[in-house]
């Protein structure tokens, strides 16, 4: 964590000899001070055909140009390397739309982190399918949109959500225990931009009422999973997971209560990784440069 | 966790043969349904001179009398056993005064749990030495008292805090990262009623700036400790502790950030144990019946 | 953990008022000193029809009679309560047959605990489907039986295993990464006596090659599960579980390596709970009185 | 973890612009395939005067020369950068001398890992101040040296230990619960080569009987610390730590038992980091490139 401004360059490409040298050479030739850098080569089970992942933080004022020019100058190298890449500026705050239902734990947790500038983001609005938290959200100076989702109005509601997200120029949607399923085309329109917190240690207990499922099976730990939303329910790339110990004396209600603590912690960590461009997705799996 | 009403009987006494039989016999003779019960005998390193600890939840409507009469009838047995004991009623909400300074993480966390009735308590007021969270607290319908503590007015401020606590008939004070030290006589007046969250894994890093101390020593885990406040700074009986992994890449600021997550989780667990009469103190140590 | 001798009485019965009082009263009337006791009432989601579980440690020399007479005297009360129960003597060592294949981690771990008397058991023999560890086991003074399991001789091999188990008067079989499936009738003959360690966090990744499955799904934690063996593969009552964090840089081989540490720790804890009569099974779930 | 042969280049130097570019450029110009690389810049609390740490794994057969020539060619660049560095060859096994006393848990654990080639090292000998494990060690084909340490013969014993370590050309000494204190001059002669496992979560409970200290203080977690040995008792750079939860029902003996599990796990992880050149020491702290 730096008070100073920096650019984050991240991406992946087919592995070959010399990638670090070429990318770091490009930065060094321009005087760029690399504050942090991480690399990973994934060769699966073989030795060839691997994929290379990287993330670098470069001190902004060590470079003689700004982001736009960085992009122009870096593009030819990225093309030679067939790299999927992006660069972001730590001084430009991400715009995160939070979606909730009637449970408060994730909402309070996110707003506390936002209030303390631990999450240094803009929250252009909160969207909810219940009106419960309107004044709480508005107390924070954040607009609140109540978009009820009823069977007969589901399509209209989802269209309205998409419209709001576009209108506020959101980068990321966080489903902070938003209990509705987003339609496939919505998920496909924003790949790697919608983050969900699921209240089980996936792949155990997919779908509804995971704590009831856990109770029935008699497991000794319960968990939560933060993942990108894809059209396949609870099957998207996993960003972060954690568990907590339970025992025979815990009822389903107790599990729900413990689970909330894990849910908000896992969501906060996963969201942070996402916001800091620490997550690189490949083939339904994630590389997380912590 | 039960929706139904129950009494919690807890206490400790010198160990001897037959305590469970006598106490549970007393309850059974009165038709009392024991919902949960826990026992512990601590013999230190020897075989005699031990101490016996117990906690029972008895279904309220299974007994033919109320709390007052329970107390009257149980007293003779308790005296025979030389038991320190108390009994509480799950339908009587505890009155918890929360004290804060300028950091929000524990305050948000406690209010979210209170809002969700996960913490089923009254919060008669919040007391703070900064005015920062007045409107946030008041949004929740909770009175907010701003009691600034300056070197020249410290005694008056502490007297005012005591006055408010008495006036609102508080049971418990939670120091939710309240950055002032309470005077010895204040601590002594409310033994086992003041709960603090310290931002280190005690006994490591007592006192100020524990994360700086942890950074200097190069530890690989940092922690937090919830304990009862006694006149000896950071030396009171420990209720709950936890840790989180860090590494060389984490600055002091990162530790502060991770630490907050541990602090609020540990405080919430410790407070719950306290409120549910799960904590029995003996000789600066605690028995926690989870 | 006591140096002294004690009896462990454990069991379960339909819940009703007064069970603790009657059982502890029986013990107290006979002068029995209860060293530790645990109770649990499971009412599922309802209020009636619950089941009551209990476990007590009674100091042996505080009673005026021995185990045989205890059994005789306690039986009428147990029958009144419709209790499934047993009582064991801490001075009688359990006889645990360990079954292994070619992986050493669980075997070394169990023998180290046995050698240090941390596991205070008899190991009348080790049975293996490979001859790899014969001299290592024999160095410890423990007989080693090599029973190869080939497709054409599977029935004969399993019959031989059963014969050895009976011959050595074993109480418990530990499958310490024994890579063969025991036949259904074998599992049914010894309910609650065969303990397996499965190398995943069940119910995720049932069956073969769980680490490969975990790698494919991109989970962020891997685990292990200690459970009683029933005819349904990996579906028996879970005794203990734990997990360890992994990340994108970990190959399947790394997972196997980390997993071993979890496997041996979880097996050792689960086995200890079993040996100390801390595990009560009901309806494919376990109550663990830790 | 790779089956293939690789070189590990690790080191640290004053931070400046372009270090990665120059080092990775050197490797790329020679055709070197970087399998894994990690970097860290530590600027303490300021912006200048930082220190740079790095570690790279380079595929051995991707380079046109061997280790000796690599060293010659890399030296000028390392001197320009004022780098403390070393390079090692994955095909050359480290020679680790294990020292024990009368407790078996760490010894069994290390030998099991060695037996399974999880620890791919040579163990040229075990040195012990008790003769207890002679035949167990010798069963593994490893020479065993019994060097009793008595007050009157302490100097001679330590001289003998040093003589053996030199004679067997050891790289590393592991104090696997060796209960003697090595003399200062011994510690100074082998900086960063002697690894100890201490049975507490340092800096809590330095010195003797840490579990007794933990019991007295009533902590809720106990731990273990793997660190390099320096002349200051229990003050050396920390490599790895972990903790385990305990509660009021745990005696000192129980803590000892739980503690063993943490000790062996923490020692094994710390030793692995050391053996794979993942540990860089600076100013009594460690950078661990996991």
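When the chains are written out, they are named A, B, C and D in that same order, and each has its own residue count from 1.
Rule of thumb we're sticking to: contacts are C-beta pairs under 8 Å (C-beta built on N, C-alpha and C of every residue); 3 or more make two chains touch, one makes a residue touch a chain.
Everything quoted here is computed from the prediction, not taken from an experiment.
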**Q.** Rotation angle superposing chain A onto its copy chain B by C-alpha atoms, nearest 5 degrees
**A.** 180
Q | Maximum centroid distance from chain B, chain identifier (CA atoms) | A | D
(Q) Please tell me the distance, in whole Å, between the geometric centres of chain A and chain D computed from their C-alpha atoms. (A) 36
Q. Touching two or more other chains, which residues of chain A qualify?
A. 36, 40, 249, 251
Q.
With touch defined as at the start, can you tell me which chain C residues reach chain D in the complex?
A. 1, 36, 103-105, 107-109, 111-113, 115-116, 118, 135-136, 139, 249, 251, 253-254, 257, 260-261, 265, 268
Q | Residues of chain A defined as touching chain D within the complex | A | 4, 17-18, 20-22, 24-25, 27-29, 31-41, 47, 62
Q: Mind listing the chain C positions that touch chain A in their complex?
A: 40, 42, 45, 53, 201-205, 217-221, 223, 237-238, 240-243, 247-249, 251-252, 284-288, 290
